[in-house]
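Lettered A, B, C, D, E and F in written order, each chain numbered from 1.
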């Protein structure tokens, strides 16, 4: 089987992370993965949710939305975020919190707005991969301004999707592949090679333990490459 | 380590499935797992969502809610289901659809209402395990009434949680264990030993590939036992 | 005329009150009246609504909901409580407040959640009759724990429905009778034989002063019996 | 005891019904009862709610709202009608439907908008009393236009409040009396002296059967006078 | 061209302002312009929006609503004010704030409720013209009660509509004219002849600079007359 | 006075229109005006609102939203569009409809989504100016595909803001100027030099007829330049 865009089964789409694309935001990234484009913008507030007040600890939360015409046909704006949207927001937030030592952030909330300008599948994993870099930029600026003593990073996190399509195991599904997958997986890992989240859903047909093992290995490899792309983007951030 | 209730790490809580507990519902089950109690009630309508009209195919959907005082302290009734609730509803629905051959259901929608009367963790997996039996009862009645030619079952599905607590791998977490887990997993499998869903979240600390392998094995074992308990409950359903 | 279930016109349905059915709730009751089943659960909070703050006085409020498949056919979950639901909640709350000396409750709010597991008419009156017992249990526990000096009860309250069906005056209507009634009445009384609430609605045909007098007498008799059933249930509550 | 405004205990407030106050409405009435002022406007649509389609039968429904500054202090506009508002709307609708033979209305819906311009208690009973006249005007116009063969009236309906204040039985409470009542009652009756609705609520202290009998007699007398005032207003409606 | 109601192109409809029509409100006006009738009622609260707290400055805000049957056919009550309604509310509020020196009002909020009893176009401009007088009455009462040292009025404001209909420039459009206008304008001016707001919308066909100049002159003339009518109404306000 | 960014009073900010920036949309534009950046994307549906069905006529509507971090500080996502947002959406829609001969569009709806990526004032006028070009691209593609016989354009429309700041008349206000303006105006004009919309609001102080004349002349000049920039962008659209 050849993939629609000629990629090998274990090949990521071309992925580009551009940092500092917004003028007003504390940290901002445009991540492009194939046709998928997500704008991640970080905002910092000097307060935390009620359950953390007085703890000295910080918080990271994420919002996720699509422009109405990010997709092939227009989707109405969501007034109340649908279940799928909330599920994605919760996933992004949990994943980014895994990257950071919240106790060393101070009582601040970092809101990472992930707005999908264009969607060709993999938007939630792109949001995690790009969101980490935007968050890094925002935190690094606090360190530069000496409002934080040092970088409270535990380990970079990045994410990708893998799937089983017509029996093949594929890395980084595009929309056509995702829509026809027997099972698809979102995997979030750290730069240390540990798992933050594994979500594997049989859309059409249950999958064997063996197939699960295979796709997890594919994801490990792809995420390794994304971690490198993040590292390069971070290296290009101009010192404050 | 001994677990709070004296169970071994690989031991399920006492689990009981009582079928036919509601007078009016086409299929109903009370599933009790330790202190967790979920009432599953199936309703059948002779119509399907718009995207299936004219397809000859059926649909299965689930709703999930807690009584306000199912929990240790009262929670307000949810007006608009929160993200977590919607995530759970989608999981239950997907899992139950994996058990049934929708093409052989006719253009009918089966709504499985899962109402948590009492909650001590594991409510979503109990809802899947109990919901399957309630669904079986409702479908079997259609077959008895000759409104369906035969049982359109692909394979029973059941679910459990597993987790990593203080480095130990534990089967079927109760509330105290769940709240303190480093990582927790909901696993849905078929009677054929295949996976329908794996959701593994590092709440506190990322987990290694090795730990993931271990908990998946624990889940396989526990779900095997739940499949047996389902089989017994189904055997006790009185013929229509 | 014989009633569908063979009862005499002035006969209650078999009514059973089981106390302490929920593990976590301060007071809980399952009341069964014929096929009608209502779970009443009391939660206590150490705060009162704004208009009572600083008054030293307590408050009692009720919520009422049906499981979607409590009824013959499924009803969607109510997101915003409909007018009928709010009317019922207000009636239950008012009735229970009439039973208790709020000034001797301390600044506490008692929320009585009345969840209808199964509905065959008379759910609101069952909720009042059962709710009183659940409330008694919750308050008695406070007295046992010496958080209250003595029981601040004014008089037990119980409720039933009466109706005019095909010209007959009937006590405790079931669904079939209720649906066909010319007029129906919900009556709430105290153990002292006084009225807390009379609501009499001509659904089909106005009723005479004479008919009103007759059904009020029927209600007085039925409520007397319910007060006895409450007293027995309370006697069975295990001392704390 | 003398009442604040010098009335006898069994005396209505001065009540005036002006018909035809709105230019566009099919039937309209301004009813003034003391300081209470309610504008009732009828709108006719040639369709009925779903449950009546094809039945040949008509429907009458009511809406009720207060201007924000109808009251002593301003109340915010209700976005979603509160429980109290819905309760009132349902009462007005039921009461007006009791006056009319719906089967002789044709498949039409009459919406009676009751907007309280000024409120000094008794707004819901004024809305019923005035709403009946506005409805009469709208129906009479249909008869004049030969769109209905004859007046489908069963019996005029009118309503008033009665209450127990400091042990006294009072007719037609104003705000000060209503706020301090031990129990208050809304009573709706027909011109034939039968009851459409009795709602009696002990706000502070339960009431005896004897007290109930007394206030019902007061209501019968007051409603008789209101029926006369309605009759005069109808007599003044200009022929179409 | 003759206008439907026989007016000259530069002629206002008969306009009448009656002050003090509500018993409880601090200031109230019924303004009638042709068939259009708007009830304006002012409420004063001793607090201001958050952004003004501690500033010593007051605030004026407006709400606008129509009775459902103000119009030729019934419109449902708006639960959430629609865009058009909010636009109107914001316009009324801005216009009235332009009339008053907010810094001399004290930390008070004046809410001007503009409820349209009957609508034949020009309701928003009638609300401004009438609202100013109601506000004047409310403020004058504060001065009478010596709660304000003097009248903090900058200049009276009044408003009217003008339009281009079939090429003619018309003052004070009624509904039939408004519906057929090529362009319509709402103009708000002060008694000093300055502009507070100009809103000119080409509904059908863009308009030239020349046409714009013409209708602005018409508006200037009409608003001059309205200012006189306001002055007369204010002169009739009884001293407190 | 020199303006903060060194512009002359009658000088537009650097303005750039890039067409075709979205892959899936029928017409798309990124318009940049100083730091303001708006993405306009057109979607075509083969249906029209109810009031146009069967008319053979088309419709154009607009939505407007800001990314949460388009602004200096983060604003929460709007669930229900606020009054201001709806006002802007209605303005954009009306303005774009003025440009097109709807009767020659066929029964199609064009939705123009205007998403503000970055905001430094003038976002609604940028949305109109850019939206026209995106709409042109979408319509031109229909002509290229011979789904429309010819371009149903009446006249290009463009828009700008003007204001009175410290007595000076300024063209194309940036955020700092807008916030401090005594009065500000949004003006929409056609390429033929006629007015589609004039909205002039005295935020702080009423303005004279003379000042109004001055700013209208400024707007005429600026819009002339924007019409040229639109023309250049359209010339660069690649033929389909």
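Note that in this section a residue touches a chain if its C-beta (ideal position, glycine included) is under 8 Å from a C-beta of that chain, and two chains touch if they have at least 3 such contacts.
This is a predicted model, so every value here is computed, not measured.
Trainee: Among A-F, E-F or B-C, find the interface that matches C-D: by residue number, over half of the contact pairs should be common to both.
Mentor: Overlap exceeds half of the contact pairs only for E-F.
Trainee: So what angle, to the nearest 5 degrees, turns chain D so that its CA atoms land on those of chain F?
Mentor: Rotating chain D by 120 degrees superposes it on chain F.
Trainee: Just curious, how far off is chain B from chain A if you go by their C-alpha centres, in Å?
Mentor: Chain A and chain B have C-alpha centres separated by 29 Å.
Trainee: Averaged over CA atoms, how far is the centre of chain A from the centre of chain D? Could you give it in whole Å?
Mentor: Result: the chain centres lie 61 Å from each other.
Trainee: Determine the centre-to-centre distance between chain A and chain E, using the mean Cα coordinates as centres, and give it in whole Å.
Mentor: 52
Trainee: Residues of chain A that contact two or more other chains, please.
Mentor: Chain A, residues with two or more chain partners: 80.
Trainee: With chains as vertices joined when they touch, what's the shape: line, ring, star, complete or other?
Mentor: ring
Trainee: Under the stated contact criterion, what part of chain A meets chain F in this complex?
Mentor: Where chain A meets chain F, its residues are 22-25, 28, 35, 39, 41-43, 45, 63, 65, 67-74, 77, 79-80, 111, 113, 115, 117-118.
Trainee: Within the complex, which stretch of chain E touches chain F?
Mentor: Spelled out, the residues of chain E in touch with chain F are 80-84, 86-87, 89-90, 94, 98, 155, 189-190, 192-203, 206-209, 212, 216, 220.
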